[in-house]
Amino acid sequence: MPGLGTSFGRGGATVWLPDLVNADCILIEGSNFAEAHPVGFRFVMEAKERGATIIHVDPRFTRTSAVADIYAPMRSGTDIVFLGAIINYLLTNERYFKEYVSAYTNAPFIVGADFKDTEDLDGIFSGYDPDELVYDFSTWTWERDEKGHIATDPSMQHERCVLNVLRKHYARYTPEMVERVCGTPRHLFEQIAELLAKNSGRDRTTAFAYAVGWTQHTNGVQFVRTAAILQLLLGNIGRPGGGIIALRGHADIQGATDIATLYDLLPGYLPMPSANRNEQTLTDYLKTNTKKTGWWVNTPKYMVSLLKAFYGDAATKENDYCFEYLPQLIGDHSQLVTTIAMKDGTVQGYFCIGQNPGASGQNAEMTKAALESLQWFVNIDSYDNETVSFWRREGANPSKIATEVFFLPAATVLEKDGTMTQTSRLLQFHDKAVEPAGEARSDAWYFNWFAKRLKELYAGSTDPKDRPILDMTWNYDNDDPHEREKGEPSVNKVMQEINGYYTATGEQVASFADLKDDGSTASGGWIYTGVFPDKQTNRARNRDGSGEYTALNWGWAWPANRRTLYNRASADPQGKPWSERKKYVWWDETAKKWTGVDVPDFPATKAPDTPANPDATGMDFHSGADPFIMMLDGKGQMFVPGGALKDAPIPAHYEPQQSVVENALYKQQSSPVFGRYDRDDNRYNKPVDENYPYVLTTYRITEMSGIMTRYVPWLAELQPSAFCEIDPELAVKKGIKSGDWVTLSTALGEMEARALVSGRMRPLRLGKGKRVHQIGVPYNYGSMVALARGDSVGTLIAISLDPNVSIHESKTLTCNIRPGRRPQYREGPTDEPVPAKERSVFGQPEGQWMGPKANGQRQEGEKK
Amino acid sequence: MATGFFTDTTLCIGCKACEVACKQWNELPSDGFDFTGDSYDNTSELSGTTWRHVAFVEQMSVDDGGLRDRWLMSSDVCKHCTNAGCLEACPTGAIIRNEFDSVFIQPDICNGCGYCVVSCPFGVVDMIEKFDPEGVRYNLASLVEDRREEHKTALQGNGGVAGKCTLCYDRQKLGFVPACAKACPTDSIQFGDVEELRARARKRVETLTERGMQAQLYGADDIGGGVGPLNAFFLLTDRPEAYNLPAQPVLPSTRQPDGYAAAAVAVLGLAVAGWMIFRNA
Amino acid sequence: MDLKPTVDLTSILPRDAADLGERIGMLPNVASERTKTLKGRISGAKPVVSLCGYCAVGCSTLAYVSDDGKLLDVEGNPESPINAGHLCPKGAALFGLTVNEARWTTVKYRAPYSDRYEERPLAWALERIAQLVKKTRDDTFVRERNGKRVNHTLGIASLGGATFGIEENYMLGKLMHSLGVVSIENQARI
Amino acid sequence: MRELTEPPGREEGAPTPTYYERPLLKPPHWGWSVTTYLFTGGIMGGLGLIQLLADRHDEDERKLRRTARITSFLLAAANPALLISHLGRPERFLNMLRIMKFKSPMSLGVWGLVFYSGAAGGNVVRELANSGVVPRWLRFFAPGILTPAQALLGAFTAGYTGVLLSATANPFWSSGKRHIPAASVASGLSSACALSTLLSVLEGNGRVTHKIERLELVAATAELAILAHFERHAGNYGTPFFTGARGKRMRTYTIQAGILAPMALNLLGMLPLPKPVDATRSVIASVLTLVGGYIFRESLIEAGKLSARDPRAAFVQPT
């Protein structure tokens, strides 16, 4: 989550979920908190009972809006205008938290003279290359004095200091503009802006909550950035009841980012070596990725320890610790880009584990078509799903599909040991309750088997390309004889390796501060160092939830078990709490150390009055009042210099790639640098396309997740069918009644769903102008299988990507709608019966049904 | 000790955890997979196999910018009446009042006469049809064997017994909180000693009224019609009808005296007539 | 369907005068033997502390297991500071996710151009996959691209991670990187 | 309850909101077996009275009494079968006898049925003993007291078939908490009379029929009056029973064919008619009455189902 990473230093939620109860005001935007995270939402309800004001800004009136104090409707994809206007409101009325801003952010820094803003260039920043569709970042930088130190103006008067750059940039983000672009009534906007201002400062704090409603846009990262700037202005980062909580989707999605299974990251947010960045040797790599100042001065320790963890004794100083074993990137290898490559024949074999892109992927049809050009496809899952059964999907012809398909049955979370990292970066261990059903195995079992088998297959090979496999350390055999006999590896041994150990003694490393760059330590993920301080203690298995609400003895949160990040900022520059009411972490004069209800996110004994040393490297560069220790300068970044983000140093509003209106702010319609794949199997609607006059937004609902819920009768009966929510006005216009079948269409494809006509969908009037209808479609369904089903909205969404993290835009597109069902295709096998009930509900013929009753078992209602 | 539910609809977020937790614990089937188009409510009503039901009431304005818009959610359940129509009607004594003062159907006694179904003024009780573990709606075939036997013989087995909320009698006996109340993420469903709950509820109404909300209790005190107070009562922010609750429920047995009297009068009259006819002939 | 009468006369006929009295009245309240001995099925079962596998809130769960190792019930763990025993509908249905007729618990194999799945032994499938991985890797491994060392294969890709554990992610990443696979992705981008 | 200001989407004084027009109550899942059960229950009640009244020692009445007693006993024996046939768990019928609950019409009804069968049985034994089919000494087990006893129990059985319906939460049924029981008694008696007439004619006991027919006339008149008053009294609650297709069916078969026509025919009986004509008249009148009586019960049940599915009817329930 680089939106947070580039602003504060770490790509994780800054907040400990239960800490929300301390908020005086909570702004929920880009998230349907109550529906997507109901149990987490209990802290919001608790805060409300304690007197906090709950604000929900969303295109739809949802179950979150129902319990919020204020609901403000907005057009999907216009959040930067809404939040930018609040920034403007704070700056023009001088309502921001001055002491916090001047001390803890880079607002006083002076931007270089050749930087040109969107104001100067009508919607683009300086350095844009219209042919390559990329920016040259050389002008996005600071003014420096003769000694090369960053020029600052503590009084924040200089016209090029960040604060004034912001003033100028956001001047045109006015309440009128909000009404005109977002369609949010002005009185609502002003009420919200005032509430945020009123509930921030020394004595009060406001928390922000967002989810994929902000990230899944072509400029999604910038949505988060705008919120970050806002929270810095309000002085809410690092303080109790403040911060920004990123509500993440899957159970271990944070863990899968920390210990990354992502193409561009190694564990611990170390970048993958890239041929494009000339990171051919360890030295080159460390040169580009070690920062002179701030925490990332430690990169060499973490990288070398990682290589030692991967390749053990084979990794020596002489051979660059086997750095060359790591494959090199040559571009964007993200999922959707890979999918396109797959379709074009580059990829021959594909592992898909616990994910169902055939239903939940963008351009789901292309995804499934791409699988046809594979030689082999391995799916590890617990249920039949659209992806593994792509070859018998509606309209497919198996006799023309050469792909060899394997389904390996997976154990569920109850059937295995393991650790998952939840949305507040908390690691929790889960014990195995029962043996896996049938032949099912844990994913660890499969990975362990493949690794060992491949080592065998390559044994004796002299080909240097095979060295990585042969040298890869793999000692995870279970000590429990019963489990070992079944081939179940020890996840504890894996976690011990991630935590790290001394290569000489094999003893566990207790803290990432102890990691070395001389090969004396190994660590598979430095940010997790400390979770397994000794062979006996797995702190992710701590289960004492008593005491303070920070519950430091329940599970273990990275880094170093800190619950709220950057919590140095909960004290003023002198180290005293901003106020008694918001006491959290402070400087203990007598003990000469930082203390409080949380683990201080700061060098434990670095006094608040420690002066900054502009010539020093590493942490000494920071003063005792620089809370954002990961950053070069220790400051919260209002202006992100040097192209850490590829599309803008400060967020500017661009319309989504598909929109119903033209950009009212700039000549530049949509993000100048977003990722496009304009090809026949990925057709886009035109930016403003009269054939697709309605806004379409997607989301998920409480009762459904996807394949994990669609087979469970208790959940399937609650939301049995794909549906779309439309407002009564549009329904009348199109002659649609609630419960009817309707067909939605984009240039890419069509889907059918049941209509849910509801006043909760409200047509928006953009200023005095256009009346906009928004249609909502849940993203939980897939047409082929299970008790609850219906077409996947993925069939409507063409792939267009955010330039920073290649996240697709599926929260805003344009579409058309008509009554009635889409044409039904009738190819594919006819060997499996469909229960009468299903037929009556879905009109599926024999053979399309691949549900639970497929294999000749008795059907509902049949006699024995 | 009398235990019960206080369902505070102002805290409900409509997640339906109560419905699922109830079915999971009581091993109940789904009621089918029909899309209704009625807001987010696809189970529609309490049934013999749906013992918690979340109602979704949309009150949306078209004119005033939606400031007064409301989306009411309320988890309905058996009221466990002080004077229970179903209990009074049951001819077999299958329905009893247990030590927790809740109304409990003994599935091993019930013979499926269905008289309780028409005797519940709240339309809670209904019949459970055939138990078919292999059926799509049950998906319970993989249950532990003795659990399946239990279902076959004592519970839904062979169909035709009445079903409704047991207030998790079997959990209470172990000292556990009922499944729905335990699951409810926002404490909209609160379980405990009925008297305590009633006190808490009255306080809650005061608090909400101070905040300028309109709120009223349903069934915390005598609801009239001879039904008396309810052990499972509700805090509502609109008329009961909006949630499909009767504004004036009546206990059926209160009509028996009149009924028998009228019958007696008729018998007497006709008997006299008959006596005269036969005598005079 | 079993029609064995479930009524045992002794339970119907009054035992003595007092019992008879109890059975006659305005509201006789006679509990059956089953009712008297009724007990929740998790009575005496050992709870195992687990997690909910759906969303990232991270609710702690208690899984109750029978003596013969069968899953009886899954509920929230009251001691968790995060969910304090509460669960959402998905979490409350965890039992149905694990114990479910529809679940596929055997290997399914679909041969090229075939229109059906076949059951195959796990060992066979694993060996076959291992061979395919080796073949594809050997065929597509590239050491250099326009003068730069890349040591990678674009012939194999991996997807998924957010639905399984950290340790498993680490194992998968370590294995894939060592194979030279670069397209390693998960739901974090979804 | 406190008066509430109306929420958005509902104007002041708008009709009562319903929940997506979904009914509040559950309908009875009762079919033909229960209908027949109630119908025969009524007849048994009527026969109880008839066997009491027909106590003169002339041959005709003795015949009539015997017929009444034997028929009522056969019906009493058949009735449990009907009840069992509609139970979801037939093998559990005996649980009905597990308790006796005065507050449950169903429970009392079953016990009433049991005792009625006893009395009727006794009286049959008496008859058989009198006519020497069984040893005379068996009369000892069937004392005279059983005659009024069967009449009383019969009266209860007839009345309870009405209370069984009216003492429920069903809006239509409960709106007739007095009318339905009374009408059930009257209808039961008229049906009983019709059945007796029929059987008497068949066994060539024609002369006695005129007495019964006069009694039937009274019962029919009473039933008519009660229904007429019921319709006015029930108001909206009565619509499922008195209006629509269901109402039309009830009027045609019960009121017109089942009450008015037999009344006319029975009045004709006052005139001196040639024997065969008179016998035919009796038979037709009786059959019509019986059909009308059955449709009456059926209409009650079916109207109850409709009423239960009315989304508004149960919001304010009849006291």
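General observations
Letters are used for the chains, namely A, B, C and D, taken in the order the chains are written, and counting of residues starts over at 1 for each.
Just so it is clear, a residue touches a chain if its C-beta (ideal position, glycine included) is under 8 Å from a C-beta of that chain, and two chains touch if they have at least 3 such contacts.
All of these numbers come straight from a predicted model, not from anything done at the bench.
Chain C has the Cα centre that lies closest to the mean of all protein Cα atoms in view. With centres taken as mean Cα positions, chain C sits 32 Å from chain B. Each chain gets one centre point, the mean of its Cα atoms, and the points for chain A and chain D are 72 Å apart. Between chain C and chain D the centroid-to-centroid distance comes to 58 Å (mean Cα coordinates, whole Å). Looking at chain B, residues 15-17, 19-20, 24, 36, 38-39, 58, 60-62, 69-70, 88, 93, 109, 134, 139, 142, 158, 185 sit in touch with two or more other chains.
Shown for chain A are the residues that touch two or more other chains, namely 38-39, 42, 437, 702-703, 711-715, 718, 759, 787, 851-853, 857.
Across the assembly, chain C contributes 1, 3, 6, 23, 27-28, 30, 70-71, 74, 83, 86-89, 91-93, 96, 99-102 as residues in contact with two or more other chains. This structure has the following touching chain pairs: A-B, A-C, B-C, B-D, C-D.
Of all residues in chain A, those touching chain B in their complex are 34-35, 38-39, 41-42, 45, 61, 63-67, 71, 73, 185, 187-188, 437, 701-703, 711-721, 723, 728, 737-740, 754-760, 762, 787-788, 835, 837-838, 841, 851-853, 857-861. The part of chain C that touches chain A in the complex is made up of residues 1, 48-60, 63, 65, 69-71, 74, 79-84, 86-94, 96-117, 122, 125-134, 136, 139-141, 143, 145, 148-190.
Listing the residues of chain B that touch chain A in their complex gives 11, 13-17, 19-20, 23-24, 29-40, 42-43, 58, 60-62, 65-66, 69-73, 132, 134-139, 142, 185-187.
Of all residues in chain B, those touching chain C in their complex are 15-17, 19-21, 24-25, 87-88, 93, 96-98, 104, 106, 108-109, 130, 134, 139, 141-144, 147, 152-154, 157-158, 168-171, 173-174, 176, 179, 182-185.
The part of chain C that touches chain D in the complex is made up of residues 3-7, 9, 11-12, 23-28, 30.
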